[in-house]
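See the structures that follow.
Shared chain: chain A. Partners: chain B in the first complex, chain C in the second.
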Partner chain A sequence: MTLKVGIPRALLYYYYLPLWRTFFEALGLEVVISRPTTKTILDAGLQNSGDDVCLPVRLAFGHVLDLKDRVDVLFLPRMVSIARREYICPKFLGFPDMVRHGISGLPPLIDPNLNLYRKDSLYPFFAALGRNFTSNRLAIYLAYRQAVYTQTRYVQLLEKGFFPEEALAVMYQGLTEGREPGGDGPTVAVIGHPYNIYDPYISMNLLSRLARNGVRVCSAENLPETLVREQAARLPKHLFWSLGQRMIGAAWHYLQSPGVDGIIHVASFACGPDSLTGELISREVKRRGKPFLNLTLDEHSAEAGVVTRLEAFLDMIERRQFLPARESV
Partner chain B sequence: MMKVTFPHMGHMWICLAAMLEYLGVEVVVPPPSSKRTLTLGARHAPEFACLPFKLNLGNFMEAAEQGADTILMAGGCGPCRFGYYAQVEHAILEDLGYNYRLVVLEPPRKHVGELLSKIKYITGHSSWWEVVRGIRFGYQKARMVDELERQAHFLRPREIHRGSTDRAFKRALQEIIAMKHPRDLPEARERVRKIMDAVAIKPRPVLRVGIVGEIFTLLEPFANHDLERRLGYLGVETDRSIYLSEWINDHLFLGLVRGLRSRREACQAAPPYLNHFVGGHGQETVGSAVIYARQGYDGVIQLLPFTCMPEIVAHSVLPGLSNKLGIPTLTITVDEQSGEAGLVTRLEAFVDLLARKKGVVV
Partner chain C sequence: MKGYLGIDVGSVSTNLVFMDENGKIREAIYLRTRGQPICALQEGLRQLAGRLPANTAVRGVGTTGSGRFLAGIIAGADVVKNEITSHAVAASTLVPGVQTILEIGGQDSKIIILRNGVVTDFAMNTVCAAGTGSFLDQQAARLNIPIEEFGNLALESTVPVRIAGRCAVFAESDMIHKQQMGYSLPDILAGLCEALVRNYLNNVGKGKEILPPVVFQGGVAANAGMRRAFEQALGLEVHVPPHYNVMGAVGAAILAREKMAGGGTSRFRGFGVAETRFKAGGFVCENCPNLCEVVEITREGEVIARWGDRCGRWSGSLGYQESAV
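Entry: the complex of A and B
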């Protein structure tokens, strides 16, 4: 019987699923992904985590619970750092411990440290990870190579304009076209942490809602890493949050793109890094005067409120087309 | 000549001002953090920025009223938000029309020269030897203040006349503040000792509580609503996981001063509850709670500003630790909305619980 490895559909799932999945499957393991977010999953997460923990992490608790009784081991890597001299957020550093102490009756956790703070190669991480399942070093190395190759392909799809779930569908379900080129309406950049904007339940179908209104949507993930970093390098000090780098770099790029009519910044309630990066983004937006919407999500967000604000935002963009061009911007 | 200011963090201003003034730098100490400071800061800071950010910002705005034109601040390399405070605060102040020069002392990335040149920029004409003596002088003051605080923690629950410790503490603190030169140290030390020895106490059963958590809320009485004093009046002797001089020794002197508690011990005590550093003082919080439990303390209180990321991680593992080691814990989150009455009620309930568990009347 093959061993079942559980991967929660939460947090950095949207960045790294192909990497993990290919590696495990190449080693002959079965990968089980938690079901798409539902109210049940979120509620379970809320009940099993502390009140002051942010929504994405509480949701991740729910996804862990969804997997708990269906898998043999749970894969919860400790994501310390995914780029030189950068971290993600303290909660990613402590996530495996939070889960271990918050949920009882868990299958064994596999939580190797992924730490690229001082080095560039992912191989040591995979070597340590693979040793949990096999002692065959060659098999581990080949699985690693294959995983990195698949991940590269995934990133290429994202840069072509696909969103994570679409890109995954192209890769794993054989879909060829992904999405339509988009409507004839305005173009809006949606900037936010991947686990907030790409989870349709959490974002209340933000992306598809915009698309239904004829809006062409682009996001930070559609931009190449080098471009994003070039933009973020304009900050007075190197930003030490990788997700923040991506968001600020993308926001500043889209601010300068004449083809982008407005920017939506999505943050979760009480998000630490966002409180500062969001502030920097909104100050820059104010200077340049592009339509801007700051959406804060939490477990109490109601759909009606979000819809109203989105409509107002889209109205604002539409009206600006009829206004005489402002001189200063 | 520039007028240098810096953010408040408890009694830190005493040693910073001592150091800078010894080196001939003109210093503007911001008015003590108050409701006004917080209101000013919270009005212009991002909504979800943590409390220290808001108070820092308020400090800078109030210091500007007194003529300060240069901000001296520490930096950091994450993942705690503090490492990016200075840049965002400066952007906010600029948009508000303040004209501040910003000097951030960052841990050097490439070369130690980056840091040294900034110190030189602030201290101007002083020789390196003088700079070293200035830092030493500031550190000695920090040691004295910490020693004084420790004494106050011991005396308060045992004092015969309510408030006598606090009055003595204030007078002793003035002695430390008034000291202008390292050669006055021995005499000042003697005077401080006399003042504190004069506090009348009686032996009585007390509870012992360890306070752990985020450094700013631990060290700044305004931020924690005078937690230590309140507990003292409830008959609790407190200790806390971080004192300023220990922090200086750990982070600036790289642990060179022997005989002080160090963060290393705390971090080593944290597993299996928290196996990795999480930024800020998250791992120290967990480890210190373990150490307090081992030392037979009656309870642990964790202090954190609302939305503090490292402490939220620590908070998530504290209940398990509390169960396993049999030590009651209480977590107190503070922000600009915190009220005093709510805090007092929770403290009284917690102290009652500890007293019953121990079977004493305090």
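Entry: the complex of A and C
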């Protein structure tokens, strides 16, 4: 019987799923992904996590619970650092431990350290991960090579303008067309943590609401890493949060792009790095003068509040463009 | 007479205005919603019909406020707009050149920054309703003074006391403390106004560039104490425009006129809807684990609108969308 590995559809799933999935499948394991977020999953997460962690982590608890009884092992990599001299949020670092102590009746957790703070190669991580399942070093190495290759293809799709779930659908469900070219409305850059903006339940269908209004949406994930880093390097001090760096670099790039009409920053309530990146972005926005909306999401968010702010934001862009017409009123 | 109807269904008040074709506000009605938006709207329409000449033709209807979708269905709206855009449009039309709008309503407060007649930035209060009209209402009731007299009493103050305005709960206990120490009522009220203004400027107005002319609108603008506190905190003159308490409805009427400028017939259901039986009901959809609470509006027993479902299974089935967004 094939061993089933569970991967929660949360946190860095949106960045790394093809990398993990390809590696496991190449070693002959079956990958099970938790179901898309629903009220039940979120509620389960809220009930089983501590009060003092942020919404994305609490939601990730829900996804772990969704997988708990359906898999043989749970894969929760301990994400310490994904780039030299940079860190991932400490809540990610502690996530495997929070889960281990917060949820009972779990299948075995596999939580190898991923720490690229002082090195560049992912291989030691995969070598350690693979040893959990096989002692065949060659098989592990080949699986690692294949995983990196697939991940590169995924990143290329993102840079072509696909969003994570669309790119995954292209890769795994054989979708060819992916996203539609977009409407005739304004172009808006949505900047936020991937687990906030690409989870339709948490973002309250933000991306599809925009698309329904003919808005063309672009995000940080659509930009090449080098470009994002070039922009973020303009900060007076190196920002050591990798995710924040991506958000700031992307926001600054889009602020200078004449084709982008407005920027939405999506933050989660109780996220420390977000409060910092949000402020850095809004200061730069003030200098450049583009329509800007700061949306804060939490578990109490009512759809009405999001709808009102989005409507006003789109009106702001639209009425700015038709300024002469307004004078007649 | 021909004109446009603007409807603002808010959490605390339901306002209707009738604007003639020249942009003059002919009638304005301010009612308390009292938790029953449909009844309040019907009552407003009934009163408006009574005040307008019999040959009045409604060329267009605009709705706004947190009850805008509901009002849009009941009255038959040509345009359904969020309250930020409506307030901005109303203020920039009635007070040309306005650069800052301070708006405090029953449950929400917002700041809107305009430059050259267009909105360039805005913010709304988040989950906290400290410093909105409801809190002032509640405190006036606790002190047993009519809310209408609140502002003028505050103006009598010579030495406002300092009250913590960060949170309505703390503000209340602070006020009780000051009252028990023997401070005069006007000084406490003026202190409360200052605390609420501080709270507003720190939360809603955080980081915004407040330039004159400054307009103060929404129901709380009736409170002269709040106006004075804003003027002192900002060091700027603060204008309270005519119709300050129905500005959302004025904006909705202006937007309706804009929408209908190209011609076409209004979707207005007529003043007769005041006598129609509307009912808002709902159910929990159990088709998926999201368990959406679906709202269902019926007219004389016939379902005319549904919303509240995430997937569109119910709202889409009637060919009606809750929102443009």
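The rule is short, and it goes like this: the second predicted complex is superposed on the first by the 322 of 329 C-alpha atoms of A that agree within 3 Å, B and C clash if a C-alpha of one lies under 4 Å from a C-alpha of the other, contacts with A are read in each partner's own complex, and residues count from 1 in each chain.
Just so it is clear, a residue touches a chain if its C-beta (ideal position, glycine included) is under 8 Å from a C-beta of that chain, and two chains touch if they have at least 3 such contacts.
Remember, it's a predicted structure, so these values are computed and weren't measured experimentally.
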Chain C versus chain B on the shared chain A, clash or fit after superposition: fit
After the two structures are overlaid on chain A, angle v-u-w for chain B, chain A, chain C in degrees (C-alpha centres, nearest 10): 80
First, second, both or neither for A:I88, with chain B first and chain C second: first
Which superposed partner A:D52 touches (first chain B, second chain C, both, neither): first
Which of chain B and chain C A:N205 touches, first, second, both or neither: second
Which of chain B and chain C A:N136 touches, first, second, both or neither: neither
Which superposed partner A:D315 touches (first chain B, second chain C, both, neither): second
Touched partner set for A:S257, first chain B, second chain C, both or neither: neither
Per-pair minimum CA distance [chain C against chain B, superposed on A] in Å: 5
Residues of chain B touching chain A in the complex: 46-50, 75, 77-81, 83-84, 87-88, 90-92, 95, 104, 106, 109, 273-280, 282, 306-310, 312-317, 319-321, 333
Footprint of chain B on chain A - complex, ascending: 49-50, 52-54, 78, 80, 85-91, 93-94, 96-98, 101-102, 113, 235-237, 239-241, 269-276, 278-280, 283
Residue numbers on chain A that touch chain C, as the complex places them: 38-41, 201, 205, 209-210, 212-213, 282, 289, 291-292, 296, 298, 300, 304-305, 307-312, 314-316, 319-320, 323, 326-327, 329
Complex interface listing, chain C residues touching chain A: 23, 66, 81-85, 89, 93, 116-122, 124, 126-127, 207, 254, 257-258, 288-291, 310, 323-325
